[in-house]
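We just call them A, B, C, D, E and F in the order they show up, numbering each chain from 1.
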Amino acid sequence: MIDYAILYAYGAISLGLLFNLWRLFAGPSTVDRILAVDTMVINVIALIIVYGIQMGSTVYFEAALLLAMFGFVSTVAYCKFILRGNIIE
Amino acid sequence: MNHWLIAPIVLPAIMAPILLMAARHDIVLARIFSIASVLALLGIALALTTLVSNGLIVTYALGNWLPPFGIVLVADRLSVLMLLLTAGLALAVLLFAVDGSDHQGRHFHALFQFQLMGINGAFLTGDFFNLFVFFEVLLIASYGLMVHGGGATRTRAGVQYVAINLVGSTLFLIAVGMIYSVAGTLNMADLAIRVPHIAAGDQALLQTGALLLLLVFCIKAALVPVHFWLPGTYANAPAAVAALFAIMTKVGAYCVIRLYILAFGADAGVASWLAAPWLLPAALVTLTLGMLGVLAARRLSQLASFAVIGSMGMLLIAIALFTPAALSAALYYLLHSTLAGAVLFLIADLISRQRPGHDDRLTVAPRFAQLSLLAGAFFVAAIAATGMPPLSGFIGKLLILNAARSSVAPVLIWSLILGTSLLAIIGFGRAGSTLFWKSTGEAGEFPAADQRQTLSLVAIGLLLAGIIGLTLFAGPLTAYLDATAEQIFATHHYIAAVLGNTALQGGIR
Amino acid sequence: MADPHMPEQPGLLRRCCPHPLLSLALTLIWLLLINSFSVGGLLVGLTLGLAIPRLTSSFWPGRPRVRHYGKVVAYVLLVIRDIIVANLQVAFIILFRPVGSLHTRWLCVPLDLTSPEAITLFAGTITMTPGTVSCDLSADGKALLVHCLDAPDAEAAIREMKERYESRLQEIFA
Amino acid sequence: MEFLNELLVSSLIVIGATFALIGSYGMLKLPDLMSRLHAPTKATTLGVGGALVASMVYFLALNGTVSIHELLISLFLFLTAPITAHFLAKAWLHTQQPNTLPRPARHDWSTFEKAPGSDEAG
Amino acid sequence: MVSSPPLPYRCNLEPPDREPMSLALIVMLPFLGAILPALMIRAGRNACATSTFTVTLLAFLLLMTHAPTVLRGEIVHARWEWVPQLGLNVNFFLDGLGFFFAGLILGIGLLIITYARFYLAKEDPMGSFYSYLLLFQGAMVGIVLSDNILLLLVFWELTSLSSFLLIGYWKHLPEGRQGARMALTITGAGGLSMIAGMLILGDIAGSYDLSVILQHKEAIQASPLYLPALILILGGCFTKSAQFPFHFWLPHAMAAPTPVSAYLHSATMVKAGLFLMARLWPVLASTDEWFYLVATTGLITMLIGAWIALFKDDLKGLLAFSTVSHLGLITFLLGLGSPMAAVAAVFHILNHATFKAALFMNAGIVDHETGTRDINKLGGLMALMPISGTLAMIAAASMAGVPLLNGFLSKEMMLEEAAHTAWLGNDWIVPALATLAACFSVAYSFRYIVHVYFGKPAGETPRHPHDPPFGMWGPPTLLVVLVVLIGLFPATIAGPLLATVASAVIGGPLPDYHLAIWHGLTPALGMSAVAVVVGLSLLMAYTRVRRGWAAGPHPEAKAIFQGTLAAAVRLAQIITHGLHNGSLQRHLAFTVGAAVVLGFVAFATATHAPGTRPLLPATPVAVIVWLLLVGATLAVVLLHRQRLTALIAVGVIGMVVSLSFVYLSAPDLALTQISVEVVTVILILLALNFLPKATPNESSTSRRLRDGLIATLAGLGVGGATWAMTTRPGETLSGYYLEQSLPGGGGTNVVNVILVDFRGFDTFGEIIVLGIAALIIYALLDGATRGAVGRKLAAWQPDQQRAADRHPLMMVVATRVMLPLALLVGAFIFLRGHNVPGGGFIAGLIVAIALIMQYMASGYSWAAQRMKVDYHALIGSGVLIAAATGAVSWLTDHPFLTSAFGHFHLPLIGEFELASAMAFDTGVFLTVIGATMLALANLSRIGCLAETLPLQEAAMEPDLRRTHPAPGEH
Amino acid sequence: MEFLLSSAIGLLTAGGVYLILRARTYPVVLGLSLLSYATNLFLFATGRLVLDQPPVISTLATGYTDPLPQALVLTAIVISFGMTAVIVVMALRSYLENGSDHVDAPAPDEALP
């Protein structure tokens, strides 16, 4: 049962990622693209966790943890760049 | 366990952080440390020379992991010779830099030490991924040294230099990957054992990897058509750095010698002498283009850059013949061309400093101070660089011509070597007469520059003395180099030293 | 990283453990991280829990004045509940509501909170809960710009936010 | 018991994945950036949360190991998601300069006006 | 261990040397003495000249000590090893020929040195003149005494170099510089040709020692390489001795001071080619090839030189072309290949040296006294300068071949030989041409006398002439005396010497010859008579002859040469600067192109087989990840001109690559990639602030197509290689690492154990790379705060509209909370690295990112104030800790970086592990933090400097309580 | 799977090469980044592809992937990170000095003022 759930999860998250990819291309604004990437990071975290369940291994946990911790740093940096140019003032 | 073997790497690696921490704000202290370190390196290189001069090959298994599993350092005649050359060159260059240019930017001495560490590491390592690491160390240090002091054209040339070398590093990794994927090892000696046993179906990957790696080394060695980085880099780098870079091209040449005789040499089965058919034509073209550049140069540093390219062509012609005699000639020429190339950049810089507004351009300018002294130095250096008698360039040229007798295309090689010598003679003659003779006809003089140049002149003197030493002691030196070449070609000695005799007898494990 | 120019020279306990709550939290999180319990792990956690606040104390010039720890828990539970509801609501909107039928609007929420931590928490809560995103703070820090995905009644929405979250936060941060 | 665990894990995974998908779908469907901003910051939070809880339950039940470090991921996401949204919104405000915004009483929004007392010139 | 291979060119050291040192000393004295004039010039011009004279005299006397031996027909040897591997050794020998030439060089040298003392003007730097002269002298003596043809080559080229200095001595004269370079080019080219010839010759003979080579006539002439060797060696001889068509450099070398012309271009250097032909005559001559090459060239040169000399108005030009002609004459004689002709050649060398040096000195006197050398401006000098005039008359008459003077004797011998020479079966053409040349010779010789010393003065000369001091006319007088004495008593004065020399040249029995004024009515006498009559008639009718000459074409060799050279330089410049145009795009296209070509050709030409490894299934997740990667890559390429967007897309690629690493069982790589990605993005954004925000479209469509093609090929290549690699089974060393990781390395995370233990040395290098990167960044940015760049930076205006608030409150608060958490995670990742994914590198990046978040949230100065750490020291200590960890193992005599670990048990805590690898990893950790922070902090410092506002202290405090506005302020 | 990886690496290479051949420093830097991704994946692939067999010794493991390429890639990632940082800052400095971020230096003889 879990296998089917996982398969479903892969499909759903992957589809979500493709939507994100579309948004990355379509924009229209740079902010949209940043949003797309930010969402992508979240989906990737989900994907990694599901993969960890499938493999029965916690060895991939830190990858998700780091993405959660630092995924937002680049998003903030992009936004700060748009806002101020200089991201460290 | 001879721990001196790792000293050429660890000493500068320790000295650099010490310079960072203790002497960052005290240039005098930094200079003292830096020179002391180079002197120590010279001493160590001499000690190692005596260690290996009887034909011994000494190895050092890092982390006590036996090769091929751990990284191993190998000191044989060749690698120690390169260490010695590096240390000697470094001393002269450092003295030149200490005369003031080291203070035009930050961290010159730390970068210099790291640079030496990288170069020494590349000469000592017996592992080709570790070679990549040391390549990167020496390259990144060279990036810093190259743009030392800044300036518009220099930084732009710096960007180009870095970009080209990053592509080179990319290629390096791809090549290493291809070789590892079929040979399953990173140790050069181990590779040498495995190559002949690699299946026919895997040969394409192996040979492609090996040839791409050759291309990487050729980029470093400035071989046509991947030599383009050199003129802009050398001509725009600070003089001391350009002079030090004379050894960097030799790193490429060293790697070709090392790897393509050891692993792709006589015993490599179908991959035997893999490099030769590519190397020789490229080297011939390089020699021609380099010397044409000497003829066409518009600045002295540019002329020196093209002379370096030409000399690399000459050197690689000799290497590409892949015979002990030719290799011995190549090694002699390597020593010679390193010193000759370096001193040209230093002289060009001193001239440039004396002709504000004209710099080292080959144009008529008023008379400048120290004209006769620099003219004399230039004359000697030019004789060496063009391969005119009686200096080492001539002997090197004779050795190579002699060795090329039995090659595939002796007539072509001879004609090109001699023909391009003429180009060099004309080019250097033009340059010298413009700089030192024409100027005296002009009215006026440059104001005598008030700069301390004693150490710079000492540096130039040291290098010229080195050239003269190479000339005077050519006899014993060539005997030593003959033995060195023999040792390189007797690959089983190297393999046995690294992996033990059983590895040789048992073939592939 | 300790800043010698920090003005106050507090007592020994304060110096060793400038943020006891933080130290405790860090120790707990350490245990979470190592994903198992052992005395050794606890000791390491305690060490880090004490060391990290010391190392970072210069980045923490003042500590947030939390008055009622009990209400923090209640607040967290409330927010989690609201998040789940919010997700369902927004999911419904996304999946089934035609784009034209949404009452998207901007709200200007006046703030009674003054401490930066409280304002941040309030804004964060708003972002994490139904259909609202806190977008900007006024230059004087006295109003919050909130974007609503679907808010037919602006006044009601503002009132709800203030009553549901801001008043509770005011109690917590007194 | 095992079945119940499996069921629980499976449903959590399905729920999480569904929310993840809905979030991304919303980002695709909604017409303008500010609306799109609502989709991922909400839905994906629960999406990841669902997967995380599933993971916790899974390793507890199937491996017998207490694996609660997944909570940390949620903690970080909860801490960062509002910031992300805040910045995206500010970036949008800055680039679009909308004139339909409600204005606060005395001072403008800080994207448009410097904080009083800040000594930034110009 | 290595024995030298048998070397073919090793010399034998017999017969026992006799006085070897003195022979070498003759050569070395001028070299050693060359420093003297440069030093003595401080003591005055006389001291300078005297020291030079003394040195030369010493050498001359030394040489003379050998005279008895040599005249006895014995040979003196001296040998030292120099480069035995090459066969290049310092071997000298002295026989008749060498003795003769050495005597000529040193003897005339003495005269020249004397003459020059008076000739050179006050402002001429005499010290360097004499130094160069001595260098040249030494080189010349070296040539003639060498018993090793490679050594001879060395001296040969040294004469080119020193003559380059001498010709260019008057640096201010463009003619001097051009002449010097021309001479260097031509003789240098000849020297190069000779290198090849000598190498071949030595190879044929089995030795480079002349005394050995001279024994191998048959072997040499039978060798298929004889002709190439001959041509190449003659290339050297002809250029040096100014033989047609290489004759043109000599007249231009006349820009040199007259002593130089007299010495180099009449007596010595130009004779070097003749010397060598004479030296090798026994083994190279008397073949058809030799005859047609050498005799023909000599004959043509003799004719052309004489013809041109007739029309030269410059005294030295006239003498120069006459020298060319006489050199041709001697070459012709040598080329005939008969012993008799060889004797004549040697005799003429001696005679020419005497009268020509005298004439050069005479021309110098005229120049010196009148201030001009233009024949048209001269005339009637006999009355003003009787001594000089008399000397000139005698010397020129000898040159013309007037009986009773030495020139007559050897010229007569030449004509006699010519009379019996057939050329391609034709037996009149050689005598006819030789006679014609003799006619011209008579004409120009008499022109020298008549047009300079007789007739009426052509006008006022720049200076009022009179006979010069004795120092200047003494030396030519000595020579003229010789001219007369040899002319009158040839057998007595020159006989023994000639016999010795000639037998050395011939290397066999001397022919039957008589040195006498009268040989009876020979064909030669008739030819001589014709020459005198025709020559004098030519002079009578000079104006008309000249007009006729002027009407003809005058290929100006100098112009042709310079044109050729200029064209060569231009071609070189077109090639060089066209190719090296400084375009990175071109460099990279060549580099990638080379890799593509090499890769494809190498792959195609080697054997290959398809892989047999079972393929992994492509799971849906993999396909999605692949799609993401493809999409993001396309996004980067297609959107690359919008820089921020492209960066965002690159970030996506980075994330997808991390995800791939997760998927492909490489958690450590994933963690590293994620952390690196964040730092890279921040770094690029910081830089992008100052850079243009968009890339203009500058490439033409064809350029884009070209690049696209290269890119596609490169992609296909690397992709194909990946496919080839991953689809075949392979065996690697990895088994050992998996096996040894725990027992040998003390860790279960094999990747980490490899990094810090098995291959810790790589990691040591790697952190150093990182440290250097940070140092470079610091140096680059620090330099940007100063000077022109610093001013530019200070005046920098942001190119985009900027939002008002610099430090949004929410961010500040959130990052404060994040900081301790991130540090905790960093510690966690660090401590666990040895056993599970993690380690010092990733931990360092985590800590750095946490700190950078503070910078981003609160600004540079606020955070920098609170970061009291010296990042330089952090890098330094990191490297030092790593190095120290490695060095500790020296204490137990283990190699650098030998690890140690142990499991310990403590009550309460239980089992735990301590490993030296942890200390090493600490070094990694510190270096990474230091490097990252140094780089980023300095980048942001630049950003702050570019702001117009001063660095602030506390404005970014998140404390609204402090910054709350006073009511009604807005 | 092998095909997916190969084609991805090929595409990254192609994209990287195309970008490094552009005329401005910025795309060149991005191109170099792409190339370094490609190289890292390539080097990684020398250990062949393996699913869920991490190189961490454990009693549960059914097998291991080749750890050596992973260690090499780690080194390569770190080095290319340092290199990227250097070229970015050098490009910045060059831009500040020259006022242009065009990659092509003026011809060598025009290089001097």
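Quick note on the criterion: contacts are C-beta pairs under 8 Å (C-beta built on N, C-alpha and C of every residue); 3 or more make two chains touch, one makes a residue touch a chain.
Note that the coordinates shown come from a computational prediction; the quantities given were computed from them, not determined experimentally.
Engineer: Over the chains that touch one another, what is the least number of steps taking chain A to chain F?
Structural biologist: Each step joins two touching chains, and the minimum needed here is 1.
Engineer: What are the chains that chain A and chain B both touch?
Structural biologist: Of all the chains present, those in contact with both chain A and chain B are E, F.
Engineer: Relative to chain C, which chain has the most distant C-alpha mean position?
Structural biologist: Centre of mass proxy via C-alpha means gives E as farthest from chain C.
Engineer: Out of A-D and D-E, which chain pair has the most contact pairs?
Structural biologist: Answer to which pair has more contacts is A-D.
Engineer: For chain C versus chain E, what separation do you get between their C-alpha means, in angstrom?
Structural biologist: So the centre of chain C lies 73 Å away from the centre of chain E.
Engineer: So how far apart, in whole Å, are chain B and chain C when each is placed at the average of its C-alpha atoms?
Structural biologist: Taking the mean C-alpha position of each chain, the two centres sit 61 Å apart.
Engineer: Where the CA atoms of chain E average out and where those of chain F average out, how many Å apart are those spots?
Structural biologist: The mean C-alpha positions of chain E and chain F differ by 38 Å.
Engineer: Could you please state the distance in Å, as a whole number, between where the Cα atoms of chain A are centred and where those of chain C are centred?
Structural biologist: 23
Engineer: Specify, in ascending order, the residues of chain F that touch 2 or more different other chains.
Structural biologist: 20, 25, 28, 38, 40, 42, 45-46, 52, 54, 56, 68, 72, 75, 79, 82-83, 86, 90-91, 93, 97, 103, 105-106, 108-109, 111 - these are the residues of chain F that touch more than one other chain.
Engineer: By the touch rule stated above, which residues of chain E touch at least two different other chains?
Structural biologist: 577, 580, 582, 584, 588, 592, 647, 663, 667, 688, 718, 721, 725, 730, 732-733, 737, 758-759, 762, 766, 769, 772-773, 776, 780, 783-784, 789, 803-806, 808, 810-811, 814, 818, 821, 825, 836-837, 939, 964-965, 970
Engineer: Would you mind listing the residues of chain A that make contact with two or more other chains?
Structural biologist: 10-11, 17, 30, 34, 58-59, 65, 69, 76, 78, 80, 82-83
Engineer: So with touch defined the way it is at the top, what topology do the chains form here? Options are line, ring, star, complete, other.
Structural biologist: Shape of the chain contacts: other, as it matches none of the listed patterns.
Engineer: Between which chains does touch occur?
Structural biologist: Those chain pairs which touch are A-D, A-E, A-F, B-E, B-F, C-D, C-E, D-E, E-F.
Engineer: Residues of chain A touching chain E in their complex?
Structural biologist: It comes out as residues 7, 10-11, 14, 17-18, 21, 24-25, 27, 30, 33-34, 37, 40-41, 44, 47-48, 51, 59-60, 62-63, 65-67, 69-70, 73-74, 76-78, 80-89.
Engineer: Name, in rising order, each residue of chain E that touches chain B in their complex.
Structural biologist: 1-2, 4-5, 81-86, 88, 128, 150, 153-158, 160-161, 164-165, 168, 171-172, 174, 176-177, 180-181, 184-185, 188-189, 192-193, 195-196, 199, 203, 565, 568-569, 572-573, 575-577, 579-580, 582, 584, 586-588, 590-595, 598-599, 602-610, 718, 721, 724-725, 728, 730-733, 736-737, 740, 744, 757-762, 764-766, 768-769, 771-773, 775-776, 778-780, 782-784, 787, 789, 872-873, 875-877, 879-880, 883, 886-887, 889-890, 893-899
Engineer: Chain F touches which residues of chain E in the complex?
Structural biologist: 577, 580-585, 588-589, 592, 613, 615-619, 622-623, 626, 629-630, 633-634, 636-637, 640-641, 643, 646-647, 650, 653-654, 657, 660-661, 663-669, 672-673, 676, 679-680, 683-684, 687-688, 690-692, 695-696, 698-699, 707-708, 710-712, 714-723, 725-727, 729-730, 732-734, 737-738, 741-742, 748-751, 754-755, 758-759, 762-763, 766-767, 769-770, 772-774, 776-777, 780-781, 783-784, 788-789, 792-793, 835-837, 841, 931, 935, 939
Engineer: Show which residues of chain A lie in contact with chain D when the two form their complex.
Structural biologist: 1-2, 4-6, 8-13, 15-17, 19-20, 22-23, 29-32, 34-36, 38-39, 42-43, 45-46, 49-50, 52-53, 56, 58, 61, 64-65, 68-69, 71-72, 75-76, 78-80, 82-83
Engineer: Sort out for me which residues of chain D touch chain A in the complex.
Structural biologist: 6-7, 9-11, 13-14, 16-18, 20-21, 23-25, 27-28, 33, 36-37, 40, 44-45, 47-48, 51-52, 54-55, 58-59, 62-63, 67, 69-70, 72-73, 76-77, 80-81, 83-84, 87-88, 90-92, 94-95, 111
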